[in-house]
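Labels run A, B, C and D following the written order; every chain starts at residue 1.
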Amino acid sequence: MSPLLIFVLIPLLMMIALFFTNNRKQVNLISLSGSLLLLLSAIALVVLFWRERTAGNTAQMLFAADTVWYREFNIHIATGVDGISVLMVLLSAIIVFTASLVSWRIESMPKEFYTWFSFLAAGAFGFFISIDLFTMFFFLEMSVVPKFLLIGVWGSGRKDYSAMKLVLMLMGGSVLVLTGILGIYYLTGAETLNIVELAHKNIEQPAQSILFALLFTGFGIIGALFPFHVWVPDGHSSAPTSVSMFLSGISMKLGAYGAFRVAICLLPEGAHQLAWIFLILSGFSVVYGAFAALGQSDLKYINAYASISHCGLMFFAFLIFNETALTGAFLQMISHGLITALFFACIGMIYSRTHTRLVSEMGGLMKVMPFIGVGFIIAGLASLGLPGFSGFVAEMTIFIGAFQNSGELQRWFTIFATASIVITAVYILRVVGKVLYGKQEHQAYDSLADAYWWERVTMITLIAAVVLVGTMPSWFSNMIQDGLAPLVAGLVK
Amino acid sequence: MGSILENFTSGIIPMEAYIFVSFIMFFSGIYGFLSRKSLLMVLISIELILNSADINFAVFNRYLYPEHFEGFFFAMFTIAISACETAVAIAIVINIYRNLNNVEVDSLDELKEPEASDEK
Amino acid sequence: MQYTLLILLLPLLSFVVLGLMDTKWKARVAGSVGTLVLSVVAALSYYTAWAYFSTANVGGIYQKIVPLQTVWMQFSGQLHIDLGILLDPISVMMLVVISTVSLMVHIYSLAYMKGEKGFERYYAFLSLFTFSMLGLVVATNIFQMYIFWELVGVSSYLLIGFYYTKPEAVAASKKAFIVTRFADLGFLIGILILSFYTQTFDFGVLNSGNAGIFASASGVTFMGASVLSWAMALIFIGGAGKSAMFPLHIWLPDAMEGPTPVSALIHAATMVVAGVYLVARLFPVYVTYTPDVLHGIAYVGAFTSLFAAVIACTQTDIKRVLAFSTISQIGYMMVGLGVSGYGGHEGTGYMASMFHLFTHAMFKALLFLGAGSVIHAVHSNEMQKMGGLRKYMPVTHLVFLIGCLAIAGIFPLSGFFSKDEILAATYMYSTGLGIGMSFIAGLTAFYMFRLYFNIFWGKENSYEHSPHESPLAMTIPLVVLAFFSFFGGLIPFGKFVTSDGAAYTGETNYVLAIVSVLIGITGILLAAAMYRKKTMLPDRVSQSLGFIYQLARNKFYVDELYLFITKNVFFKGMASPVSWYDRHVVNGSVNGLAVVTQWVSVKIKGIQTGKVQQYAWVFLLGTLLMAFLILFL
Amino acid sequence: MAEQIIFYILAAIIAVFSVMAVTSTRLIRSALYLLFVLLATAGLYLLLGYHYLFAVQTAVYAGGIMVLFIFAILLTQKPGERITPEPLKQRVLAIVLSVAGIAFCGHIVYYNFNRVYSFVKEAELPTKQLGMTLMGTEKFQYLLPFESISILLLACIVGAIMIARKR
């Protein structure tokens, strides 16, 4: 058993503990202490990881452990972390912690809500720490199903429709992923499912391209790649705040992470063969998402389309195949996860007070709730790529990396994608200007409360993380490059 | 048919004759099962089918393995089972009659999703 | 000289502390803290300037000093983003300008912003801006510059939108940010192209004159121009956006919705000249490798200058007049750079441009703060509501007059010297352009004195409560700035700031100087004739000009054009169709898939009639067929 | 010779009354025809020398089951009521299938039976041997099925009462 499995165990234990609770206070206590424990473990993991590395441990995966689960099909519970997964675990821990806090006062059935939320968290953590394709898939699925309940029961608006759509589309993605995984397994001789070992095996060419297309599309659906993004706007807008945060903060990253770890790293030739298609799709996705965000009137829709735009940039960077762009892609994953979580948290707080998410219904809220307003503005500025926040670092790394690619297509699309920074600025400022500034739309808004302590903790945690990434990017890029170093050799032609 | 006629004179009733009788009974049963609306008629058809099977059991036993009793006993068991089946089935029929006031097969679609019948 | 780091860190610290304390501190405390920090910064800047100019001159050439440099972000390959401090004549000069004006604005605001809601926030933002602007000028590499470039943009956004309950202010701040952001896109792409070919961001390397680093770009052309020209032109677009060059100037007049001291600091003295500074920073590259772009810069500058000057003659909002005058003067600086050559006498334009930047910062800040003082007294921006104020506000009147004389280029005020150098360089480059610039100088004198006479002379309005001189905290900065505006021109600038670092003394072209002064005086006299007393003359003139007057009055309808483009092309033509497409086509196809699935399921469900006999029939038929198949096939 | 004649009479009864049983429009008549068929079948068992089976068939089927049928018919049907004929399509389909089945099976029987059988001319099976076989636990002895059937019967009795009782 690997020590890493505590990241799965803690949420599961939380579920058991939640089963025995019988009032809101106990539920809150358990969810807070559990998620705090997760956050502390994640920080401890980062420290331990870095200590191991500086002590000279050069293994690709640290804290690796491997337990046979089902010998016949070589299914193992294999866990291990490199620099990238450590950061992903940290990101997940931050989001889970803040998302648990945001739903502090969820109206109905808190016990059940947190139970399913913990289950979701267990899936996400498990995905990031596993290095076995089957375990990965197992955890991926684990993080899909609870979403149906969380959105369908605790959501708002057209929640049944959205929950159904989201889960069906994610399942569709999973099917493609599963097909791809089986393809990899059998075409490499049905010996192992461990991604570290699989990386040394070769698959013949036409098969590689087909498998790559399957896997990249599958993970692309999960990661909201155009034109498979349609679950994002509906899903995000119907989900309760903390689930929105989880969805865009972690779920979409599962797709991107998988696309890189599985599709690109295991099938490099197929990736090179088909890169141009997905490059065009993702480059288009960036600008398309931004434009679509511009045309929305619902806050959550705006942010959902913004997420599509930003996630498109991650996929775009993956397909550039150089270390700088890949570093940027992972920075973007972290950055977008944090920023969008902050954004959704603020939107949720505003929604819970004004009971509307329509931009036209709001105005002058800055005066009423300055704390939330400042958080919202910071989220906006970070999202439009202001230096000092994580978004800038990530986007610039991607753009610089992408432009270093010698391909004409890649460079033209980089220029195309940079246009998004202007459009992003337009829709962000439009929203900020309309929602927070200007004159108050309704007199009733006067009596609204500013952020409560749990909301303040949420926002401060997220803002601190965003600023930390934005000002000390080299800490993070070093971690990422540590993970990339063994992988990138096989990728860069 | 030639051999059957030939056997007619040879003194031994041929096995085919028995089998053929059971076929007629069997397919009459099939016809009844498929075509009749009344549940009781369906039950009667089932009795015919079971009975034809009994004949086959007995005939095969007698002609092919006269020293054994499998066919014999299974025919007997089948009779017992058909008795059970009829008892339960008739209980059900009576119950249905109480609820629906008729015993037609087509009226038994309570378990089906109603909208599909609307579309029909 | 590592203490220069403090120049950056102190304002940042002040921002963080003030920002975090927010309303927990009393307004006065916050203001004092901000001002105190800034005075320390200013003192450090002066000391740096003194130390730099007294020690860095080695062999007659001012060296570039990099006291601090740290790798902020290492990319694979050779590229890395550094954060560092670069001291050379222009950055040191900018340090002095920024810290001086910023300090003056800090002091001035203590009185001007007194009692405003969000006073602490205001000081926090001022500190943020000062930090960003200082960081911009000392940037050691183009990417660091871009980082701070964005930061000044956002500080400008926050300060313009300071009165966030006022819709105009919100709209103006949004406009300012988006327009400059759009220009920054050009800047960013320029950086990407440049870094792709040169594999460096570092100014030291780029400006080293080493042709080797541009070798890989040679011969690469795109649409008839070399790729390097494209890169440098795109970078200039970034500068043009910040410096409000035509056609990206539209945000600057609107930006006057912000508090007046902010206009003085950001939109007159410092941030708007960042574009000029950017071109100056990369001047060796422009002049050596892409002279075509440099010529383009000259013409863009000249056109903008004329364009803005014409508009300035027709505006009635005093801050807007000043804003257009700023645009016009920045155009001057661009012309100066554009016509310049490299080194020695050839580089007069460069020196003159920097000189003008310096003097302009002083007298334009003075003018804005003076205008602020007037607005403070009259509570309006409109010229019509003013008049005859010289009696009520003697100090303001005096310093405003000095500012106007300086900008009009009257000897011996600072504006005369710098403007004269630019004109000299322009005549050296092209006589036609020179005559144009001289004409603009006359226009400048005219509209500035139109402003001056309208405020301080003319008919005396009946004021609701009689205007009074501003408090000491406001007049002291005015006097200090007036002092600089008056005597700033006497600094032998050519000794300190030149294109190649080597000092030289330009010989004065007396004919040109005298002619310029005469043109200036003509403009002043014209303005005096029209506006000193209330006459019908201005109306008659505007009526005789008719159409052209209306055009200029409405700023040549550029705003309307932009509005049309953004509303109809951007929103209606792009955003709405895209979101419609997404909702209906992409989303619709997914939903369509669901509908098809459901349809098929309903159809298949029809087979499941629930009729036992049908099932049995099918079952038996199947059995029969299978038996048939098994036995006979 | 007599056996043959008896057989063909029985066969004719079975064939005719089977068809009539499933085509009659009156339930009570159908039940009666079924009774004839069952009795004729019992006669066939007698011909085969299975006397005990004959007895069981007569007692259980003709006696027990038919009584149940008749009661059920009388309970659910008004006297003299005719069943409205089923749709032609349904009947035709059923006939097609049945005839096809007969043709198919008849074809198999006709071409594949080679009289490998031997008919044992023993008058009757001794009932004692049957009893021993039924109660024995050796090979080819049937205690276990017998017990299973008993339990099944019991379960059916309980079940039938449960279903049919008035609530």
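The criterion applied here is as follows: a contact is a pair of C-beta atoms (placed from the backbone, for glycine too) under 8 Å apart; a residue touches a chain by one contact, two chains touch by 3 or more.
All values derive from a computational prediction rather than experimental measurement.
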item: Per-chain Cα centre nearest the global Cα centre, belonging to chain; value: A
item: Chain B and chain C, separation of their C-alpha mean positions in angstrom; value: 97
item: Whole-Å gap separating chain A and chain C, where each centre is the average of the chain's CA atoms; value: 37
item: Chain A and chain B: spacing of chain centres that average the CA atoms, whole Å; value: 65
item: Rounded Å distance between chain B and chain D, as computed from the means of their C-alpha atoms; value: 7
item: Numbers and ranges of chain D residues touching at least 2 other chains; value: 90, 93-94, 97, 101
item: Multi-partner residues of chain C (at least 2 other chains); value: 613, 617, 620
item: Junction residues of chain A - those touching two or more other chains; value: none
item: Pairs of chains in contact (touch as defined earlier), listed by label; value: A-C, B-C, B-D, C-D
item: In the complex, chain C residues that touch chain A; value: 71-77, 79, 81, 143, 146-148, 150-151, 154, 157, 161, 164-165, 167, 170-171, 173-174, 177-178, 181-182, 184-185, 188-189, 192-193, 195-196, 570-571, 574-576, 578-580, 582, 586-587, 590, 594
item: Complex contacts: residues of chain C adjacent to chain B; value: 602, 605-606, 608-613, 616-617, 620
item: Of all residues in chain D, those that touch chain C in their complex; value: 90, 93-94, 97, 100-101, 104, 108
item: Partner chain D, residues of chain C touching it in the complex; value: 613, 617, 620-621, 624, 627-628, 631
item: Residue numbers on chain B that touch chain D, as the complex places them; value: 1, 3, 8, 11-21, 23-38, 40-41, 43-45, 47-48, 51, 54-55, 58-59, 62-64, 66, 68-70, 72-73, 75-77, 79-88, 90-95, 97-98, 103
